Amino acid sequence: MILHLLNRSPVTSRVIDDALAAMGPDDQMLLIEDGVLGGLPAQAVPFKNLAGRLFALREDLLSRGLLERCGEHVTIIDVRGFVALTEEADKTVSWY
Amino acid sequence: MSGQEIREPEASESDSVVDNSTTTGDLLVILRHAPHGSSWLREGLDTALVAAAFGQQVTLLFAGEGVLALLTGQTAGPLGQKGTHGVIDMLAMYDIDTLMVDGRALKSRGLCTDDLMLPVTLVEGDGVVSLLHGHRLVLNF
Amino acid sequence: MRYALLVQGGPYSSQASHSALRFARAVIERGHSLATVFFYHDGVYNAARLAAPPQDEPHLGDGWRLLHDEHGTELLVCIAAGLRRGLLDEREAARHGKEGHSLEAPFELTGLGQLVEAGFSHDRLITFSP
Amino acid sequence: MSGQEIREPEASESDSVVDNSTTTGDLLVILRHAPHGSSWLREGLDTALVAAAFGQQVTLLFAGEGVLALLTGQTAGPLGQKGTHGVIDMLAMYDIDTLMVDGRALKSRGLCTDDLMLPVTLVEGDGVVSLLHGHRLVLNF
Amino acid sequence: MILHLLNRSPVTSRVIDDALAAMGPDDQMLLIEDGVLGGLPAQAVPFKNLAGRLFALREDLLSRGLLERCGEHVTIIDVRGFVALTEEADKTVSWY
Amino acid sequence: MRYALLVQGGPYSSQASHSALRFARAVIERGHSLATVFFYHDGVYNAARLAAPPQDEPHLGDGWRLLHDEHGTELLVCIAAGLRRGLLDEREAARHGKEGHSLEAPFELTGLGQLVEAGFSHDRLITFSP
């Protein structure tokens, strides 16, 4: 399993297309920094194939006022959970 | 230019309107970046505050990710980064009260004016074109 | 596990350095070793010894130094990326005929080979970019 | 890692193939940035050269704007910036001969393998997924 | 007349949408740096309303090997022509 | 006409500084005055006095200094953006209790008000960003 980190908003950057195209069926994705905008319900569509495999970083959601606005398509984890994901993953690839 | 560290979420009383007239002024600052992710938003806001302090008539246009600057419920970052919501709170003190928001940017993120900290004027269609032409100087952050 | 981080964002310009430092602390909290941080691209600016951020904001340079002092984390700065951006230790300054220096221990100027080495000799390499 | 400054355009003999097998190795370097616009491409290529010099088996994947790195006819910049085409010329000397190109990135820019300086292997569909899984380490520039 | 500078590739960045939406009927656009990729014939569509008002910087096309690959939808100018455009324009706005 | 430039990209990280310097020379060639260059965001790194780029690449700092020496162009660096990124002249270094300095004349640390001033008092302001 590869963990993919995405730190760009899916609304303004097209790097999300490259990241999604590079993901295998067991790979996971964590949204961090500006990427947590992908946690808004209105942004769920591009991630529709990632059910159960899409995470968003709690600290970055909180500071942006997005924590209470998150959709059901993402699982919220904190930075310790982030480390735990990297423990489980064979490798981590960052998209920016 | 420091501000409060934590701001509780609150439903803002929205009295925003759609702008069909032409807003003019000395300086238009376009804010297209989100809080916390980079220093662009902070630097754009600082430029606006300084211009206002120098007596220039300043208009802010929140576009793209910049609309997130106005979202209620923002806090400091996990290492204590101040964020920009404190600066937003200070705009009125600097007589910056022309806050324009790109309606398309808000809508494409599934947000509405009730999500915002302050009353704003929505810009639709060619409104952005008029804003750019109606100001002597435009700075894009 | 032994972790290495690759930091490529400038401090205060993008969140990358803040994210990396926060992650670094969590790595240690979970009982791992944070052996190496490699600074590349604009990440090298994290090593600027004269950085003077406002007192009410986090001081990233001090944050990295504390990691080194308390946990022995190596702070490696790519020498090629650093030199062109003005980050020289005393030795490089002398070699280039310049007075003064802009980088000092515990940050170390080192070759890009150390990044490759870090990637293969640690259990995990996590990249934080602008 | 210096290279020739000016390279004349030439029609490259294309013997590229579409990759349906799995390419494996030690390090996959993904290059997603164009020459001249930023230092990302240069820094990614330098990392690949160093890894190869250390005896690691390196694969390059040109994706997104990175496909422009391979375009024929590149020159130095107007102030004498070296660009990266000289480094591309040196890849073979470092035994980096696995050059993969995202076919979608090439096509969406209206380019084809005849536009490229070197023979490459096109990657389509799930080929990128296999590449990422087939290497011990992936660095994304 | 406002001169708009665009330095991002229209394939990877969505800032082009914001720039185009901000352009009045007499405004001009100059593609520089990574923006000159918009000079490729395959990228002409988003610029279809800018006939005669779209320029690309010769020096940036040349160094990228794109000079001979440019489409008819752009007018190629050098850096002195760039200065001339800024002379004519009331103001210049940069999109990045 | 009197031109001002706003440079926001770091040298060697993005093409912005190269583009700005090239444009600056063309402004002068066409008979205008290049009165002011204001460095903001990562553009402030253009003023790093210890920058040591490879000899076969353009030296941006020298390029800016030459503009100042030959044409009197003001080279203004935003003090707030500079301090947090480690760009201090001797006076600011002393004020912050640090030894050495990383920025020197003809670059000048100045307030953001100078950018606003440049925008309104020059005929043209052109921005180069990363």
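To keep things simple, chains are lettered A, B, C, D, E and F as they appear, and every chain counts its residues starting from 1.
We take it that a residue touches a chain if its C-beta (ideal position, glycine included) is under 8 Å from a C-beta of that chain, and two chains touch if they have at least 3 such contacts.
The shown structure was predicted, so the numbers you read here are calculated from the model rather than taken from an experiment.
Novice: What's the minimum number of touch steps needed to get from subunit C to subunit F?
Specialist: 1
Novice: Give me the set of chains touching subunit D intersected with the set touching subunit F.
Specialist: Output, common partners of subunit D and subunit F: C, E.
Novice: Going by C-alpha centroids, which chain is farthest from subunit A? Tell me that one.
Specialist: F
Novice: Just list the two chains that share the greatest number of C-beta contact pairs.
Specialist: Summing C-beta contacts for every pairing gives the maximum at C-F.
Novice: Relative to subunit C, which chain has the most distant C-alpha mean position?
Specialist: E
Novice: Once you find the CA centre of subunit A and the CA centre of subunit F, what distance in Å lies between them?
Specialist: From the centre of subunit A to the centre of subunit F is 38 Å.
Novice: Between subunit E and subunit F, what is the gap in Å from one C-alpha centre to the other?
Specialist: 25
Novice: Once you find the CA centre of subunit A and the CA centre of subunit B, what distance in Å lies between them?
Specialist: 27
Novice: Of all residues in subunit B, which are in touch with two or more distinct other chains?
Specialist: Where subunit B meets two or more other chains at a single residue, that happens at 36-39, 64, 77-78, 81, 136-137, 140.
Novice: Would you pick out the residues of subunit A that each touch at least 2 other chains?
Specialist: 7, 11-12, 15, 33-34, 59, 79, 91, 93-94, 96
Novice: Return the residues of subunit C touching two or more other chains; collapse runs of consecutive numbers into ranges.
Specialist: 12-13, 15, 22, 41, 57, 125, 127, 129-130
Novice: What pairs of chains are touching here?
Specialist: Going through each pair of chains, those in contact are A-B, A-C, A-D, A-E, B-C, B-E, B-F, C-D, C-F, D-E, D-F, E-F.
Novice: Residues of subunit F touching subunit D in their complex?
Specialist: Against subunit D, the touching part of subunit F is residues 12-15, 18, 21-22, 56-58, 63, 130.
Novice: Per the contact definition, I'd like the list of subunit E residues that touch subunit B in the complex.
Specialist: My answer: residues 2, 15, 18, 21-24, 27, 91, 93-96.
Novice: Which bits of subunit E are touching subunit F when the two form their complex?
Specialist: Per the stated touch rule, the residues are 5, 7, 32-34, 59, 79-80, 82-84, 86-87, 91-94, 96.
Novice: How about subunit B: which of its residues touch subunit A in the complex?
Specialist: Going by the criterion above, the answer is residues 9, 34-38, 64-65, 68, 71-78, 81, 83, 108-111, 115.
Novice: State the interface residues of subunit E toward subunit A in the complex, per the touch definition above.
Specialist: 11-15
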